[in-house]
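See below for the structure under consideration.
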């Protein structure tokens, strides 16, 4: 309970800090006052339409990705599982890009996140099919590399074929993710998917705990494995689909956060779910603050920061797993 | 290896000096949107053999119909060499590798610098005339351009604040043709106030805080790009007076040609409408 | 009361018949040792009896139950001592109560008592807060048995629980099962150590040649003829003052 309080406080503070950071250098308190009271001038517009959606999306997407990482790790019983690393985010990005370039998004408002969700579902099924439900580390990572590479190549292909001269530059966005200049429209697109996904994953808590003992033992504890798999796949895909559709693929959040928080929840997968949601929100808010503080004039991609934090940890985990396995 | 290099260098020198000495070039190929347009305006019949494919794109080119009469090229060295040109026109930003390759092959390449002011438009006309051996045509075009510009230029009255805002938040600064066109049409450029000397990405926040009277944006291309998403951001749309570039003539101020006059004309009309609305 | 009843059970895996015609009943207070050579299908028999493997023909009382009912009828310990995360021993044992917990996941006092009892029963108090995955093999085996006991089912099925343990842990483990049997809870345990099987089991089932070759008291199953036929070994078998002693001797 104390952990949750600490994390919730951290998220609140970072959220407030995120709101006060931007190229228009306005005082922190003045900015927050403008957000709440809507005083005259353009500042309330900046706060409500530019900074607020950005901070909300960082918290929402970070929370979703943290939770998805915790659920995937719990289900596959593998600390290396992460939506970005195993190619789910890449597949979601491909789905989103396909929908955007095909003009599907113009006819159906929810077309964009739905297409990303569909891409993510295909990605999860592929990786689980390739790696097997038991998900040995090596096969999981190899399957993830293959799916990421394929999804990345297809995404680049579609963007290069686009009649839009700017589309090819978007490749970086879809690969590394960014929250720059997102609006409330994007928030409303992603919100239902991430909330529903989080709900689905929350319902897997008990099953993930039981899986600590392996599939056989879990099944004889009254768990339906096929139902659990469906919930994990759909929950992860909904979150990653909603997040990737509006912010591109942001890697490593789902790897770093569960890893850091696991010791604080007694390694219990069920408690790790919600702790990782809060932790993920904090991490992505922090990353989004740092891209704006480090390089305020350039659109530094979020994925760059999360990868700089996550990749060394990933290497460490590979090293540890290698030592534990024959 | 070294010997052959010397020979080809010598050959290149001989050829280029020969071209310079001889009369006007007879087989001109243009690789750049801006040289395309100036060459189409100045070249003698049958002198210009090919223009770049972008010259036919009505979004970027002010002369797409004229360009339809010329064979197009995609700017590859091999493709251009096979057209057997005696002069190649390129822009300052045309691929270095292509230009160097063509020069190694002994083809003279004329590189036109971009025009950053309206005065430089006049200078470019004269320079291009000289390169094509069409000095008289250039002098005529220059004088009509300058006369028309003088008639259009707005020097007094209120100067509404305009922002030119494009994909990725790109905005041209003080030292750029679009900014000079704005000035000639009686506007001040918001980017100049914000300290953009040449141009750059202006964060959406700064644009909103600057509260421009009018925003000029290029129309979105087909397909989709996140770079253009910024132009449909609710915060931008909430600002008054957004104008699509197509109406203003975005394609008219990309290059320093007499077509910038259309942009000045359209912007002046937009200014008049804005001032009438305010009254 | 019958805790497990198999009727004419037949299982085929990858087009290879593993066994057929298996009928078996386990009542209260039994410690049944399932013995047989490698590949005889001991694990397959247990998993198909639980309904974890598809059954070609025949019936299993456990496989016929809903998963929720089965979770209250039998606790299952697979051979792989899987503990995926470094959860504290207490949490691990508490997993045995999952079938009974309310939706909220909070552990009611009655359930906590059962958890504490299971921990005490296996002498795991000092490990209560230690990460289960970092314990030694023997300690992990005990923690997993405590988990199965906390599930509080009349029947426990366990696949080679003493493989890889030191003699003290092997004997202690068999004694736990024997003690459970004395309290009316039955265990079906597969094992390779015929000596321990002879000493601790109340009954042995010999699985070989695609079916049950023998089923009865240890001295009736571990006969020279059956041992030679099923395992291809000779053995020395004696009733001593300190209980039955059984020692395999030579490969025939």
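Residue numbering begins at 1 within each chain, and the chains themselves are lettered A, B and C in the order written.
Heads up, the rule we're going with is that contacts are C-beta pairs under 8 Å (C-beta built on N, C-alpha and C of every residue); 3 or more make two chains touch, one makes a residue touch a chain.
These numbers were taken from a predicted model, which means no experiment stands behind them.
Novice: Farthest chain from chain B, going by the mean of C-alpha atoms per chain?
Specialist: Max centre-to-centre separation from chain B belongs to C.
Novice: Which chain wins if you rank chains by how close their C-alpha centre is to the centre of all protein C-alpha atoms?
Specialist: That would be A.
Novice: Using mean CA coordinates as chain centres, what's the chain B-chain C distance in Å?
Specialist: 83
Novice: From the mean C-alpha coordinate of chain A to that of chain C, what's the distance rounded to whole Å?
Specialist: The separation of the two C-alpha centroids amounts to 43 Å.
Novice: Using the touch rule from the top, collect the residues of chain C that touch chain A in their complex.
Specialist: Chain C reaches chain A through residues 47, 50, 52, 67-68, 70-71, 74-78, 80, 82-88, 91-92, 95-96, 98-99, 101, 105, 131, 144, 147, 151.
Novice: Within the complex, which stretch of chain B touches chain A?
Specialist: 167-169, 200-201, 203-206, 208-211, 221-230, 233-235, 238
Novice: Taking the touch rule as given, give the residues of chain A at its contact with chain C in the complex, in rising order.
Specialist: Those in contact with chain C are residues 77, 205-206, 209-214, 216-217, 219-224, 262-263, 266-270.
Novice: Hey, which residues of chain A end up touching chain B in the complex?
Specialist: Going by the criterion above, the answer is residues 22-24, 42-43, 45-46, 49-51, 100-101, 103, 105, 162-167, 169-170, 173, 181, 183-185, 297-299.
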